[in-house]
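First subunit A sits with subunit B, and in the next complex the same chain sits with subunit C.
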Partner chain A sequence: MNALAPVLASVSGTDFIQNLVSGLALGSKYALIALGFVVVFRATGVINFANGAFVLVGAYMTYQFFQTWEINFYLSILLAMAFGFLLGVVLEALVLRRLVGEAPFTVIMVTIGLLFVMDNVVTAVWGATNLDLGDPWTGNVVEVGGVRMSHRDLWAMAFTATVLAAFLAFFRFSSMGLAMRATAADPEAALAQGISARAVYRVAWGIAGLVAALAGLTFATGNANIQPTLGLIALAAFPAMILGGMDSPLGAVIGGIIIGLVQQMTELYAFEYLEWAGRNPQTVAPYVVMIIILLVRPYGLFGTPEVRRV
Partner chain B sequence: MTALGVSNVEVVYNEVVLVLRGVSLTVPEGQIVALLGANGAGKTTLLRAITGLLDVHHGRVTKGSVSLSGADITRADPAKRVKAGLAQVMEGRRIFAELTVDENLRTGAMSRRNREAFDDNRARVLEMFPLLAGRLRSTAGYLSGGEQQMLAIGRALMASPDVLLLDEPSLGLAPRIVDQIRDIIVQVNESGTSVLLVEQNANMALQAAHHGYVLEHGRIVKDGPGQDLLADKDIREFYLGMGESGRRSFRDVKTYRRRKSWGS
Partner chain C sequence: MAALPLRSVPAGGRPSRQLVLDYRDDLRIFPDRWARFGLVVLAFLYIWLPTQEVSDAGLRTLSTIAIVAIGAIGLNLLTGYTGQVSLGHAFFVGVGSYSAAYLGAAQEWPFLLYMPAAILLGVFLGAVIGPFALRLRGHYLVIVTLGLVFLGMHVFRNWTSVTGGNRGTQIRGADMSIGPLDFSGLELFGSTFTREQSMFFLVWALLALAALLAKNLVRSRMGRAMQAVRDRDLSAEIIGVDLARTKVGAFAISSGFAACAGVLSGLQIRFASPDDFDLFLSIEYVAIVIIGGAGTIFGAILGAFFVIGVEEFISHYSRSEWLGPVVRTGPGDSGFFSVGELNAVLFGGFIVVFLLFEPRGLAALWLRAKAWFLTWPFSY
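Entry: the complex of A and B
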């Protein structure tokens, strides 16, 4: 312990709390993306890699509404979310509808294809250079007890909390939410109850697009943060969804926050403790955490273990 | 009045496998009709043709028609058929294991938008199955086999169907529970629902049924009033396992005899 004491002292308490807050903010952005994965997985049993493209399109569409067409910022966010919903619904109708009943693997490969196609469409439309959203939040900071919290981080956390609450209520109380869970559990039995699988899939993809657009916005704020690589950020949220347990909204959010914290803390301490691990251990850390958690709980922290009588 | 009519239906799977070869049957309004047959006779396929679930199994009705209360539903999608008054209890119960008992019941009422009717139906179902009333919040997958079957029936009744289809409700249940299920089916029927009961347990089915059909290799080979079938020599031999000289081995039975007595 004594050998560590001088090193520990070099990271001050305020630094720690500051990073904790930043980690929480980053985590809640990942959580938003993970929620988009969860809704599609929950209804259709498929991991939707195209979610990354939805995030990307969401960021660019907010820019399009706000900067290019000069619409009110908050209205632009709502419009981008509506566009995300439409995009999800249209893709479902054009592509995924035809794959109902095929093996999940086939559908997953198609979503990966969609990710790359949409990435390229975005670059073709808006170009490869970074764009500046110019949102009214960037640069504004609140200071609480020596810890600085930026407005955009606070908004990101508020969005995540709202979406999580909406999801929980939706799956628990609404007919459509129940229909989704039934369809995911046993599609044929759900059909037999008169549940329209088409409506379920359509709404699931629409909601995924809508939430992803919001997630895209949270990553787009700040100086010149809109870039085509945003789509790949969704992949960093992937371990968040897995370790949360694939089908649990609460798990997605907690998973996202864990990943955000791990990433931020690794960045803070790697310099001193993980010198041997190279320059960017924080990009690998989420996956290491995911592997460790899955070894202990194969269905994730909050996932539904298979219900079976023995 | 005919509640459910199946007329000359032919079903093909994967465009090649012919499973039903011109099957006709009717379920008169307010009656229980039993459909008997061995494994692979086509019973479940016939039900799928009625409910519209053939698509899921790459099957197709290539000839004939299905009608519900006089309206043709041969090509309607499954949700529309449920709305039109058709509900089913699938083979193997197929309850949603991860959902609670109450949520399972709610899925059954998904095709009905009327809130009052929902409350009435739920009260009626819980009265019929008091066991479920005490376990509304339990995870359905942890119920016993008999309770799961009751939940499956209760879920189907939540749609307040005109016609109820049951696919082997007695499968894998203890004899006492089978009797209980039979009584429930009779009770459901007495409250005005027409029933098509598909069973391998011929004894149970024919005790409850007004009329019975026997399906073999995709064809109806015999039909008649339930009591007549129960007393029929061939039915007793092949479906109830009771020959004149007591039990005997199937090996001794020559198949051409069966063809001869039923085919003519």
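Entry: the complex of A and C
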């Protein structure tokens, strides 16, 4: 910590804590996206690039329900989540269903293809300019001990905590959660026990769409924050997921928070100490952290090392 | 090699043109007279196309196809032959383009110096990043190379003394001569050619060279090792393939091809800016490999024809009666997609459709048609 001391001293204490809180909030948003990745990976073993597009669709659908069709804000969120669930289920039924048992390469490429199709359809439908969600949270701030926390950030953190708790409970206690774990561990043995792999995959994709829509909402709040680049911003949740080790919900949340904190702190210290790193180093900081961590721990911080049998 | 029962051609000529007597027959690049005939046709087209009817704009498109095909051959060596998925191809193409800008245009190195330098730089960077391919299997590699694209764009944006930053950099006046032949305006046999014509000669010759190189690589020891790694890396390791060397080697070679394509596209467009080398470019290359046919060299060329052809088609017909309502060309136009969006949607869609219905791509269609005719009248 001694090496960091002069760095920390240059920024005042409240400033630092303020940024810590902002980083935490940003991190919980990434965590929410990463949770969507994790649920698909856990059940199907697929890295779902299309999740980035689910996030985008979620943000724009909330806008559509709330602003265009003037439905109650909280109801709009629920409707957008329901839409996300449907989107996930439909894509699974139309496309991913046909790829069960294919090489990971094929499935990854298909989800990348879907990402590009959906991202650009969204841009075509809603236009390339930023849209304003006009949510009731923006502008409202709570002050605790000199640290200002916006309602948006508090809601984002609350959502993440709730989803994480729901995930843990779901995998631990529900029969569907158990079926998912069984299918992930050994699809054939699970089938022999009477578990429907189709139902498991369908539900996993549905949940991914639902959680991604919620994540999209958390990024959409604020002034004119709905933009087509959200789909690419969502890709920064990949490092979060990798840090956490791909198959652990808790790991995804911790990974997300690390990425959020790193990004916020890079932004804070960029002017003073990271001049050599160019402008906006925080945009690439997640990837740098990811590469460093992977060099030290190839299976992430909380991932299960892959055992290969001959 | 086990002796085959038939070691020599029986009296009265070969029983069939396709009869393979020897392993060497199997490996021939130009196995029969049809292939050699095809080669003559290609050589004829190479001379005839640029000197006759085709306009400069048409030649530019054809040159773009050749340039993209060189890069796609590189990615195909990595993805199609070694089975490693990379989304980082755009980064290495960018390295090539900026090498042309800095070494070629700004430092005024001769073509025969900055081209190899750019390729070596690509190979070097590939070899540095390659070890990730080793340590990280399958899934992780995709995401690390995804990070590479973003890191690359960041470097291109911020290393302003070399790359010109966000505004990009002009690539003008870069030397393009090989010996007495200056490809920025060829003068040969008393006639002068335009820049487009000269460029066509240069890039298609280089594509032929690249294809020959790749074709020879995949039938060498290294190439067989790559395919063994693709089919099952564990088994490959057990029969004595050095996984580390093969994967890193494949990554480095593919990066070299990408850098070469980058130099040529820089010379063609005469401009490079960070946004040219984004994720979309990587996806475009992946789409070319998948559409053309992973694991075949001529598939990469077919894919380049298809993808660049579609792009040209859209931009050419974007104002026509039947494509006009779909495509928006200006701010006041009511079309649904912009040209770029339509391209992205189509390529994403093509990737999905081809992987679902024809995973071996256009090349498989061609091979199937060929097999049908070769086995006639017993085709099935």
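Convention: the second predicted complex is superposed on the first by the 295 of 310 C-alpha atoms of A that agree within 3 Å, B and C clash if a C-alpha of one lies under 4 Å from a C-alpha of the other, contacts with A are read in each partner's own complex, and residues count from 1 in each chain.
To be clear about the criterion, a contact is a pair of C-beta atoms (placed from the backbone, for glycine too) under 8 Å apart; a residue touches a chain by one contact, two chains touch by 3 or more.
Predicted model, so just to flag it, every value in this text is computed and none were measured.
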By the touch definition at the top of the document, which applies to A:G216: first (subunit B), second (subunit C), both, or neither?
neither
Spot which of subunit B and subunit C makes contact with more residues of subunit A, would you?
C
Considering only the touch criterion stated at the top, classify A:E188 as touching first (subunit B), second (subunit C), both, or neither.
first
Give one of first, second, both or neither to describe whether A:G231 is in contact with subunit B, with subunit C, with both, or with none.
neither
Thinking of the overlay built on chain A, is A:G255 touched by subunit B (first), by subunit C (second), by both, or by neither?
neither
Starting from the residues of subunit A touching subunit B, keep only those that also touch subunit C in the other complex, and list them.
308
Subunit A to subunit C touching residues, read off their complex:
47, 95, 98-99, 104-106, 108-110, 112-117, 119-121, 123-124, 128, 232, 235, 238-239, 242, 246, 277-281, 283-284, 286-288, 290-291, 294-295, 298, 306, 308, 310
Contacting residues of subunit C [partner subunit A, same complex]
79, 83, 85, 87, 132, 135-140, 142-144, 146-148, 150-151, 154-155, 157-159, 234, 238, 279-280, 283, 286-287, 290, 336-338, 341-342, 344-345, 347-352, 355-356, 359
Residue positions on subunit A within touch of subunit B in the complex are 101, 175, 178-179, 181-182, 185-196, 304, 307-309
Which of the residues in subunit B end up touching subunit A in this complex?
51, 53, 56, 77-79, 81-83, 88, 90, 94-99, 103, 106-108, 110-111, 139, 141-142, 155, 159
